[in-house]
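One chain, subunit A, links the two complexes that follow: it is found with subunit B in the first and with subunit C in the second.
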Partner chain A sequence: MGTIRTIIFGLSLTLLSLSAHAEWALNLSPGVTEVSRSVYDLHMTIFWICVAIGVVVFGVMFWSIFHHRKSRGAEAHHFHEHTLVEVAWTIVPLGILIAMAVPATATLVKMYDPSEADLDVQITGYQWKWRYTYLDQDLDFFSNLTTPQEQIGNEQAKGEHYLLEVDRHLVLPTDTKIRLLLTANDVIHSWWVPALAVKKDAVPGFINEAWTRIDEPGIYRGQCAELCGKDHGFMPIVVEAVPPEQFQQWLAEVKAEKQAEVAAAEKSWTLDELMTQGEQVYLRACAACHQPTGTGIPPAFPALKGSPVALGDVGTHIDIVLNGSPATAMQAFRDQLSATELAAVITYERNAWGNSTGEAVSPSQIAGILAGNADTAGEGAQ
Partner chain B sequence: MHTDVIQRCWRTLLGVLAGFFGVRSESARERDFKEGRALHFVVIGVVMAVVFVIFVIVLVRWALSITGA
Partner chain C sequence: MSTMDTAAPGVHEEHHGPASGIGRWLFTTNHKDIGTLYLWFSLLMFLIGGVMALLIRSELFQPGLQLVEPGFFNQLTTMHGLIMVFGAVMPAFVGLANWMVPLMIGAPDMALPRMNNWSFWILPFAFAILVSTLFMDGGAPNFGWTFYAPLSTTYAPPSVTYFIFAIHIMGASSIMGAINIIATILNLRAPGMTMMKLPLFVWTWLITAFLLIAVMPVLAGVVTMMLMDIHFGTSFFNAAGGGDPVLFQHVFWFFGHPEVYIMILPAFGIVSQILPTFSRKKLFGYASMVYATASIAILSFLVWAHHMFTVGLPLVGELFFMFATMLIAVPTGVKVFNWVATMYRGSLTFETPMLFAIAFVVLFTIGGFSGLMLAIAPVDFQYHDTYFVVAHFHYVLVPGAIFSIMAGVYYWLPKWTGHALNEGMGKLHFWCSFIGVNITFFPMHFLGLAGMPRRIPDYALQFADFNMVATVGAFIFGFSQLLFVWNVIHCIRSRETVSAQVWEGAHGLEWEVPSPAPYHTHTTPPRVE
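Let's look at the complex of A and B:
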């Protein structure tokens, strides 16, 4: 008896010390919205109901086994049916299920009511990035992973927000009801941010609705939750909640930035400048498929090093980067990158890794094509 | 004769409801098999399934109306 007691004491001490470590927090997050808190409460209520049922059922079972053990001369009692007991063990679980269904239904109804929102944001899943469109605000941008390749390849120590960091955050105002309209461009993705208790599939050709109202300013991270191909684990979500006044300020800033971008396309760029910027754009937007060394992963993703397109006619090269190649992973980048970025990355591809055409594609040329939709063929290739 | 029919319908209905619930005593089951008719059980079973579906629909509508959705 003494040894058993020591073992039990030791085990419970171990359990206690485990729960003392914050890294061991395995539970759902209570989050930062009213809905996320009711999801959390629901989860905890049902969890404790399950614990109680487990304790009672296993308690009775173990007690019976122990109390009616053979060494005490217990003999099995044979009986066939017992209607009363059967009715009891049907009614009791039914009652418990109904008791759980009541708060669950209340939470679900709340979750599914995106009406009367003050801000609409469309979220589009791409292989492998998210695009955020602020409807009515004329604002639209892509959000790409920024974790460096060296960290992914274990050549560098991993950062604090490894695989959960992006170049452009989804900035949202606090204390505002925001409607999220989810869809996808290529395959099914799923937009999941635990702190907001939002997890919704983004399906090509459909628009799914969700909503949130964030109480506390802060940065909340999430991931794509639907297997969507090679870089499924590399398209994180970063939501930045700021007070409404700061949000308005941010809107004005991004719009000004956009104007500056347009102005930048008008100035003349040297080959070196384009190469420097082009490398950055390439690593961010193209390297996942075509690889940092330009060698691609044939046959899925062709090499650009020595590619007839990158070395041949510049019009064809521009066309495929702007308009993509239909029914392949090669997307249209005309909406994803600015004229300057497009010119830079095309120039880079024509002059990096031993490709040496010496040709520079100027941002103003691309801006002209984007504006007039002029000499690009492949109209249908969106 | 008339009361006999009502009596029999009632018993079949009880048998069907016990089936939905999942509990029936052995003696009642034996009586069902001796006195009941298979066709009656099938017909009342289908009717009760429809009634159950309608019940669920009404329940959902009611839940939505009281939560204000």
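Let's look at the complex of A and C:
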């Protein structure tokens, strides 16, 4: 018995010293919602039940290993069944399972609470970014990874939020019931923010529902949890929870910015201005597939450098960028980028890496096409 | 290669000894030869899949992209999973069944020897096709071994068609193997070998074979639906055409969940053979072991959607699959308790097979605990598709299925070769594997709980420390498998002979035939009292 005590003591000491290092995160976080806290409690309850069962089972086993070894002169006892014991270790675990199922069911029912929400946000997964649409608010934007390629390629020191940082946060009010409606544009994604204990698949063609009510203001980070192709590891989620008044203020600011963007499309842009902005847009929205050098990763992601699309008819080029190319990984960018950004990036693609058409596509031209709400630029490529 | 040659006196007489040269292996209908082929094939696949695992772990040694592109990383995880599941674990169990089932039940061979040859020899072609996709334009399948649509259909690389064909061949091989095992066990038992006297390994394989016959056609069905969607314009899994991507997951996991028991039930059987031998005591609760195995098999058809708790099932669906899944803990618990009771008050010795079997019980149980945690739907939302799941299924598959296979090989190898193992090297292999496997997979529990999703080539900085630890463990585990290869070759070439019984506490028909087992055994059926 002395040996076993020493071992258990040693093990618990090791565990304690491990948990003393905060950077070695060992466990779920309790999170910042009522649901996430009950999930955490449930997780810990079941963990400790498993530990208790483990101590008993492994205890008996190691007892046998130490005491019933032949080298110690142990003689085998010839019993090989015992109805009462066998019935007991069938019934008792069943009881333990029922005891686990009760709180589990309660938590699950709480997660499926169908009552009305105060704010509805549609979340759409794209390869490899998230789109957030605030329903009834006329607000809609994409959220892209901002970690620079140089950090990923180990040419630069990695920042504090390496791979967990995006250009636009999903801003949500605290103390408000928020309904999340999830869908996807291409393949299945899964929207997961551990601090909210929300993980729900975004399935193309279907809408899933989840909800949350955040108690504490703060920034909560998560990631796509369903393998969705090449850059599955590079489409993080950042939720910024702010008090409701601040949320209203933020809404007003964002809407004002949007107005300014529309105005910008109406001014006239020089080729150089478009090229400068186009490069930024390209690196953010296009380079993951078509590569910063425009050489692509054929055959899935064709090269733009010297490509017939980038050098040929501008109408076709605009059509593909705006509406995507069916049955390929090429997405429709008409909703993802503003008219100015679209014009800039198309101009950039037609004039970068030795593509020298000298043609500039003006933001107002794109704005016109978008306003016409039809793919007037293409020859009906659909 | 010719370990059995010396045992057969009339080498040149067709019916008494093996043919010579490559023809022996190509045309053989002998269960021992085919078992050997399966086992060598599985070892080769294990090493190939293992190299892929080490590449994956190397990329994950530090944050940032160092060795492989994200696209190729996905090909590696996909191929690693497919090769290990269909190429390493399943063929190894079939190989052990080929060798041991006829020896254990007193049969002269498998019931359908020609089909036996065919079911092995189509496998190398299936894997040649699968591995060749790595060299194709657009690369190998990159959508994970679970190949969820539409990533595996509309968005798949062109090589997906070859993948589908390879899966079809593997499925055909498994189904033929399963039919053969069922036919053998039901028809070729020696007089007096009643069903409730069958060794547990035979029982677990009989049940596994029924599972295979039930679900491999489902797998064939789902890949055929993919083929239709990709090439023939159907829309089974495409919402735009009236289909549903989630349908894919239902069909896949209706195959997939019984499949995970296909990979563990024979392991239960092997361990139930080994523990009594080295405890010098009969298996505790034989009948309840059989019933528990059958219960697990039946329940395995009712729990598939626990892999899909986050796809948006209705509340009632979640509850049903949660309760059904939790129920599996009961028969699984019975098995673990029986093993412990078998060891209790025995007279234990710790030869290499016993060490692997004990490690199996402990580490499989740890995998069982994390499985129970995963069954709880509301907390599964936090675990799903994280490294917690990776830790869970590697605990049941590596120190679970793989350890049981190694235990079985060490246990029966002296019977096959007639030569003794090098115990020292066997123990060295065990301890390196045991330590390596835990350093690799235990930290993954922490990674998953801390929020690291699976199948990502690069990760946030808070995951760096445990990933580094896991990679170190993976290299310890990976390279210690070379000791296994050495041990097997050494045992084949050793001059140290063993008795028919080999192990002091071993009982059963397989220990009554000479060591090495002659090319033809039980040509006149033994009588079982």
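Assume the second predicted complex is superposed on the first by the 344 of 382 C-alpha atoms of A that agree within 3 Å, B and C clash if a C-alpha of one lies under 4 Å from a C-alpha of the other, contacts with A are read in each partner's own complex, and residues count from 1 in each chain.
Everything below uses one rule, namely that a residue touches a chain if its C-beta (ideal position, glycine included) is under 8 Å from a C-beta of that chain, and two chains touch if they have at least 3 such contacts.
All of these numbers come straight from a predicted model, not from anything done at the bench.
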Contacts of A:Asp113 with subunit B and subunit C, given as first, second, both or neither: first
First, second, both or neither for A:Ala367, with subunit B first and subunit C second: neither
Touched partner set for A:Glu81, first subunit B, second subunit C, both or neither: both
Partner chain(s) touched by A:Val281 [first = subunit B, second = subunit C, both, neither]: neither
Partner chain(s) touched by A:Val171 [first = subunit B, second = subunit C, both, neither]: neither
Subunit B versus subunit C as contact partner of A:Ile318, first or second or both or neither: neither
Subunit B versus subunit C as contact partner of A:Leu97, first or second or both or neither: second
Subunit B versus subunit C as contact partner of A:Lys199, first or second or both or neither: second
Touching partner for A:Phe58 - first (subunit B), second (subunit C), both, neither: second
Touched subunit A residues, subunit B compared with subunit C: C
Touching both subunit C and subunit B, counted on subunit A across the two superposed complexes: 80-81, 86, 90, 105, 109, 112
Residue ranges of subunit C touching subunit A (in the complex, touch as defined): 63-66, 70-71, 74, 137-138, 142-144, 148, 150-151, 154-155, 157-158, 238-240, 244-246, 279-288, 310-312, 315, 318-319, 322-323, 326-327, 329-330, 333-334, 336-337, 340-350, 358, 361-362, 365-366, 369, 372-373, 376-379, 381-382, 384-386, 446, 449-451, 453-462, 465-466
For the subunit A and subunit C complex, residues of the former touching the latter: 23-29, 38-39, 42-43, 46-47, 50, 53-54, 57-58, 60-61, 63-65, 68-71, 74-82, 85-86, 89-90, 93-94, 97, 100-101, 104-105, 107-109, 111-112, 127, 151-154, 158, 160-164, 182, 186-188, 190, 192, 194, 197-201, 203-206, 208-209, 221-234, 297, 299-300, 327, 329
Residue numbers on subunit B that touch subunit A, as the complex places them: 21-23, 25-26, 63-64, 67, 69
Sites on subunit A touched by subunit B in the complex: 80-81, 83, 86-87, 90, 105-106, 109-110, 112-113
